[in-house]
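Next come two complexes, and both contain subunit A; in the first it sits with subunit B, in the second with subunit C.
What follows is the complex of A and B.
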């Protein structure tokens, strides 16, 4: 435990931010701001307060304390898997990564599964995407399927053991009725590091469930 | 002395079946019908990358052997004017809408071979086409890949002097 105090309501604010920016995206914003204001002790306090409830924030704060800093989002390795793909369904939300992809592939039609375990104002989330992203529900995903369609899912965690952690929406997407309606199933691992706490909010899935897996 | 009990065969481990599936070989067999490499990779996944492992193994054996026969007979590519029958991506029943055409897989059925089975029966081509293209995609697409080969082989055999 550290002696640094952080504002009341931090957990509530983080929960809202994680719902609309993504677990990693929100953690980056919070850790950046807290580090600027309270230094490493503040980041450690953030981890103590929120870490067990938000495992991605915990891992990201831990990396921060080890000297890691968020960088530019690279998309070239993801674009390589989008050759011949016209339509992309995104599962899970990491707003910085989604923004980078929207900018990097102007010809791509993108849908975002507007469903997650965390509450979110999806109209607000979609409005942030500059008109390039359409919201779909679980049934609507079928309307985006096709031989030139792909799914991209944000995942987390070290893949050393052959598994990663995916948001619950992925569990529907990789059902046997849906897997073969998409040419590619791409995993984008935005936090390829081991979790120190139980990775609640996510589900452990096989790396081999994806046709491609790339680290951020 | 009684005859030894006949064992059908030992059950193969799933991993052992997976090890003998040669994706490159299957892709080469499909190439005349699916010239686009990305689409070919998708279809190879559909046929031997998904579904029950015994189906993957069976589909691979049948298609690879038919491909071997086609190669030995010098069957190259299908005639360009053969439109074929599309293989639809099946929607869950509650999402099917009248008049809305489903998406289709990048492999069409060359149903010519089915006419050899008609024997005066009308409609056999349509009925069997429906049977061949229904069911889960790994099943339907393996059917179509095999039937395309058989149709091409029959044409080649019948064209011989």
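What follows is the complex of A and C.
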């Protein structure tokens, strides 16, 4: 434990941010600001205070303390899987990654599953996508199915054991018939690192559920 | 009081009290009471339902629906969300600066769109900000309370800001320019007085931990939440142009021409909606405020039935017969309007008091009477959390947001929490309302104000 104190209400603030920026996106913002104001001791305190409730923040803070820094989001490896794809359904939310994808593939029609465990203002989330992304609910997703359609899901965790952690929306969506309805099921691993605590908010799924898995 | 007066006033008051006690059956109670009032008026030979319906100020309802649709169109442009985010950015996470910026912002927005819409547009980003700031309970309650009062003041500042002012414009009591010129400075003064007293004497931010990191985080996260949200000019521009054109028409076309404010509103709003036909059609089909329209229609019918009993004439006679100077009568009238609104809310109070107000205009300038009335109603709307529909809405939105204050407890924003803010605002706005009306009256001989 560290002796650095952090503002009260940090958990609530993080929860609010994570709802619309994504767990990793919010963690990057918080770690960056805390490091600038309180240094590495502050980041360690952040991990101690919030890590148990928000394991992605815990893992990201640990990586930060090991010297890792968030960089520009590369999309080339994801774009390769999108050759010939016209319509993409995105499951889960990581705002920086979604913004990068929207910018990188201007011809792609994108739908975002507007469903998550944390509260979010989905109108605002969609408004940030410059008219390029449509919100879709679970019932509406199969309207996006077809030979030129794919699903992209943000996942987390080290894939060494053949599993990763996916948002709850993926479990609601994924079934045996899904591969028949979409040409590709792409996993985009936002945080390919092991978790020190069990990643609540997410569910363990097989890497083999996806037709492709790429690290951020 | 005659038997018919007793019966019909009883129906009106019974309906208002019942709907306040059982809000989940509000519309059924009010519409049923209107039907019973119509039946009683017919049975007592006072007026037929056809006559009561013919006396409904339909123009007011047209303006209410029309301006509501225009507000929806402005909201679709995302103007207000971006504005709220900018204000949060401008406030730099400083609690005191934020309170001033957000309250002033709410006043501005509420002057353009009705109070409920203003609240729905401005409050969500503010609630997010409160979550991000880790604000303490006292600060959060005073911020939310001040926003609610600013919402009422903004609504009273312009003739299109809220129902009471729309009613004055719609039924021809006062023209657009005359109302704006006199009500806006008074309402603005009310806002400044509220902000001054709140920030200098009450100091809601006092004792709140001022952590630079907390401020920085709230600004950065708000920035990220609105990072690419842009105002949709293709919606905003036609809506703003039509609103401007309507304001020009309201101020320049005399009502004696027959081109009434409601007709201008009707034409202007439809033209604005036509400029984005798909959006316009969707808004007309799904976003008309049926609840408010039915509520007011029912209210007008009940008040119309009461009018036919002669009770308003009796009150007018009593008011004019008071052995008081004209200015004192005006002050009493405004104070009564404020208290009645605090208890019964703005709709019923305005509908009833507009029947009495003409008695005062025989001896006092009508601008003084109606602007005073609007400010009195505004004071009453700010007295209790339950006095205006925006109060319970703010309460529900706050509870739904599940904000936890710095002491780790859930934030409550209910009747008791709002009461100190309500009492302060009531006193400020009522004082300014009376002072403004008396000033207008005393300057009328020189200024030529009607």
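The criterion applied here is as follows: the second predicted complex is superposed on the first by the 214 of 216 C-alpha atoms of A that agree within 3 Å, B and C clash if a C-alpha of one lies under 4 Å from a C-alpha of the other, contacts with A are read in each partner's own complex, and residues count from 1 in each chain.
We take it that a residue touches a chain if its C-beta (ideal position, glycine included) is under 8 Å from a C-beta of that chain, and two chains touch if they have at least 3 such contacts.
This structure is a prediction, so every number in the text was calculated from the model and none was measured.
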| item | value |
| --- | --- |
| Partner chain in contact with A:146 - subunit B first, subunit C second, else both or neither | first |
| Touching partner for A:29 - first (subunit B), second (subunit C), both, neither | second |
| Subunit B versus subunit C as contact partner of A:179, first or second or both or neither | first |
| Touched partner set for A:75, first subunit B, second subunit C, both or neither | neither |
| Per-residue contact with subunit A, leading partner among subunit C and subunit B | C |
| Partner chain(s) touched by A:12 [first = subunit B, second = subunit C, both, neither] | second |
| Which of subunit B and subunit C A:83 touches, first, second, both or neither | first |
| Subunit B and subunit C footprints on subunit A, overlapping residues | none |
| Footprint of subunit A on subunit C - complex, ascending | 78, 81, 124, 128, 131-135, 209, 211-214, 216-218, 220-221, 224-230, 402-406, 408 |
| Of subunit B, residues touching subunit A in the complex | 36, 38-39, 41-42, 45-46, 50-51, 89-92, 94-95, 103-106, 136-138 |
| Subunit B-facing residues of subunit A, complex | 83-84, 139, 142, 145-147, 149, 176-177, 179-181, 183-184, 211 |
| Subunit A residues touching subunit C - in the complex, by the definition given at the top | 6-10, 12-13, 15-17, 20-21, 25-26, 29-30, 33-34, 37-38, 42, 95, 99, 119, 121, 124, 127-130 |
